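First the structure, then my questions, so here it is.
When the chains are written out, they are named A, B and C in that same order, and each has its own residue count from 1.
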Amino acid sequence: MNVNDVSFERERPDVYGDAHPKALLRAIQEDGDYLVQLANQHIVSGDQFNQETMKQLFRLAAKIESNPKRFSSPLQNKILISAFYEPSTRTRLSFESAWHRLGGDIMSITDRSTTGIAKGECLADVAEMFNNYGDCVVLRDTQESSLFEMMDALRIPIINAGNGVDEHPTQALSDMYAIFKWCPELIDPANNTSIKLGIIGVPNKMRTVRSFLKCLSVFPHAVSEVVVIHDSASETELFGPGQREELESRGLKITTSTDLDACLPTLDVVYINAISWEGDTFNTYGSKFHLNAQSPLKENAIILHPLARGEELATDLDHTAHNWYFSQARGAVFLRMALLTCMVERAERVIDVV
Amino acid sequence: MNVNDVSFERERPDVYGDAHPKALLRAIQEDGDYLVQLANQHIVSGDQFNQETMKQLFRLAAKIESNPKRFSSPLQNKILISAFYEPSTRTRLSFESAWHRLGGDIMSITDRSTTGIAKGECLADVAEMFNNYGDCVVLRDTQESSLFEMMDALRIPIINAGNGVDEHPTQALSDMYAIFKWCPELIDPANNTSIKLGIIGVPNKMRTVRSFLKCLSVFPHAVSEVVVIHDSASETELFGPGQREELESRGLKITTSTDLDACLPTLDVVYINAISWEGDTFNTYGSKFHLNAQSPLKENAIILHPLARGEELATDLDHTAHNWYFSQARGAVFLRMALLTCMVERAERVIDVV
Amino acid sequence: MNVNDVSFERERPDVYGDAHPKALLRAIQEDGDYLVQLANQHIVSGDQFNQETMKQLFRLAAKIESNPKRFSSPLQNKILISAFYEPSTRTRLSFESAWHRLGGDIMSITDRSTTGIAKGECLADVAEMFNNYGDCVVLRDTQESSLFEMMDALRIPIINAGNGVDEHPTQALSDMYAIFKWCPELIDPANNTSIKLGIIGVPNKMRTVRSFLKCLSVFPHAVSEVVVIHDSASETELFGPGQREELESRGLKITTSTDLDACLPTLDVVYINAISWEGDTFNTYGSKFHLNAQSPLKENAIILHPLARGEELATDLDHTAHNWYFSQARGAVFLRMALLTCMVERAERVIDVV
């Protein structure tokens, strides 16, 4: 083995938009008050943010992504409790990387079986323990209710990093951040710009999709139509009670289709996700839907995927300009850096004008 | 979901004594020499501390609890090896939080099955490895003997965080710290103040109780009587060989009872613990003993519990002034901060007058 | 229990060479260019280093070991992803200790079953995730191929910390570092000094031995002969295809023997290792070969062992001057500190003359 075989290039051609955060940064005027107000708030659901708060979060994320080294110490002396009772390396490391880059310390729980909960300890008592030990909690659990059982006893903020089939709000914020990075014009209604967006999945069964649609509905001017693409087996369970009605009342135009290839030529953004969690296990929906380099995508269309991916998304798309799912994953770290800093009362350290 | 639903209050009314550390701080005169001497000592047992060393530890803990932000860097560049071969989130996070708050770094082992020990490596070799990798070891193991097998090979200090049914000395120090915070007058014999203390549990079978009684016996002037409250099934195994005699020889007056409700109206402090560890599993003792808001407690009595709790301690006590078990858990972090700082030769960074 | 029982000595008589790094440091002239070139390289194999690069690594390791406190911050704001899909506490903690001592932060994966890989995620996608989350990856996996599957997608450096039966190059560099610390004269061909070295093990089946022999072959002047000592059952599988020929072509003189006690009186260095990994499990080779204080070792011979040890290496050797396996383990932390610093482009912070 010689040295050439083990060398690598740090840089890559910008096929999926790493250069874009500066454009988004310029498109939004700073108003730090919205960020300061995130202190002393739990992050539970995709619909707890108004449009201005989201815009300021995206702006701060873009500012950090444009120059990460400037933000290496805002969380000094702050401790994160990273509690992944439902194991997940990808999301756990995304949060932990965000926290470490900001200069904070971390304590991890990666396995429910090693905890007091396994011995019958109630979650309110666990929350009381967390109050004494850290400054912020990131929680993932297979049970939808665990988050709410903890919240009442907490005096430090908690982030819902996936609670059963319910929600995964920071994933949804990251999805939105990717879209606005790709097309900053969408952020301002005055630009009269909007996209047609397809979602391959089942909004009733997928927490990522459920949270994403809630976030999307805060920017109805940016979306001319949302097409939910599903297999016929999912027809009757596509939306939960009131889910579609609530989204439509906020101004989203929602249609459905079972024909992916008929939809693709019309879509600007394709959001694909094949996995739906149920308790400790998952189901795969729409296994007949695949995207690959031969799919009839619009030339400028982008693909989003919350990852990890399975067979539904072919790797031959990775090196095309359609691939924004890697940028989406990368941006999630910066979006989380922005949010975490605000939650633990350190917004004033990252706002330009205080 | 609107913002009000996800907001929370950081402060709580002081129903269980968070404001007390300053009174204890004032009640003890600083003498840093006792703290400096803790360098190069392993922490193994509840009876290795004399009265003055404990007082200085409680004083330092109270000083840190009164103003934690002043103590964010004493353990800079120090590495903790957090070895929980018997899994425990509560105790592990308490130690890790203490270490992180002091500015140190941590390496965690949370599962015996992933270690060389599982492949037959002897504990002395593991200790030799720890010498090279860190500055302090916290060890919990189901085997009483593991601690002692490691100690001989160690050239860095180790803390016993629970060794089988034997001992858990830092829990006991935290228990004592809670009592003295609640009633600082107890610290000085000249005040002629003492309490009657009830222990619901089996001193022979519970490592927390075993260590607590040893610590208590260092302050015999502060305790007029210890009542061990037990079910009749535990009668013959209540104390280990010589255990009661040793405690009595140090000046503790020990009585026993099987009637909780008859005792309660006379007790100033009630220490309850229903779980006893044996090897990899645990037994529940005295399941007929329950404390709840209807229990005939003295008006000013406080309840201590090493947590996690089961059915023996009802949550309707949580918001009463009897609840000092949450303060006890909170204080454990600060007690451990005080002890750890001294053990790794950084006492001079936290003593006021050197 | 009294205080004397829990006190310990921090220092030990230097029976196994902790005082030696300064002599090695003096024996090598600094040439930082070779270290700077390690940036943007993956560490895959024992044969990717030339003689001068290794010498500079050993020099830097010796400089750090001579005064570790001088090097507490070169990796500030750098994040290590410590991915041990094949669990190993010893190697994981060695890397993590090295990284922490240099001031960096760490995210650990200690169990393959909790990762996306268990759900079918491909390793290239995991690598893409790592690009976003950290600055360096340490990977151990039971599969030889995992390393290579990740490498193509990585834009941050990766270290092979053991890939199946293939290689474990940083262990081999640490082995070499121990030998040169013990006898700095070996480093310079002009000294006309060489050793006879025995390896108890199967070069074809042991990743540590395989990598060690590759490193050794870079310094053929230092080794007069390598004797591979094996049981007769291993006769036909002692070397892989081309393995022996490649080593001999680089100038190593290799002989074999099945008689340990006949060889021992002639050996200057005895390298022993009884375990060979195969997939998720391991085999024990040469169980009839034991070293103990009665073995007919040369008076000045030293023993090396990659640890953890089994019955093949008796503890009665630990307190003799033959014991360099503890020094070898200790030195591995400093060797890794040297290498990691260079890999993440921080060499200029630890080189004396830039």
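We adopt the following convention: contacts are C-beta pairs under 8 Å (C-beta built on N, C-alpha and C of every residue); 3 or more make two chains touch, one makes a residue touch a chain.
Just so it is clear, the model here is predicted, and its values are computed rather than measured.
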Magnitude of the superposing rotation for subunit A and subunit B (Cα, nearest 5°): 120
Chain copies touching (subunit A, subunit C) - same or different residues, decided at half shared: different
Separation of subunit A from subunit C, taking each centre as the mean of its C-alpha atoms, in whole Å: 41
Junction residues of subunit A - those touching two or more other chains: 108, 110-111
Parts of subunit B lying in touch with subunit C, wherever the complex brings them together: 40-45, 47-48, 77, 79, 81, 105, 107-111, 113-116, 119-122, 124-125, 128-129, 131-134, 151, 154-157
Contacting residues of subunit A [partner subunit C, same complex]: 1-3, 5-12, 69, 72, 87-90, 93-94, 96-97, 100-101, 103, 106, 108, 110-111, 282, 307-310, 315, 326, 329-330, 333
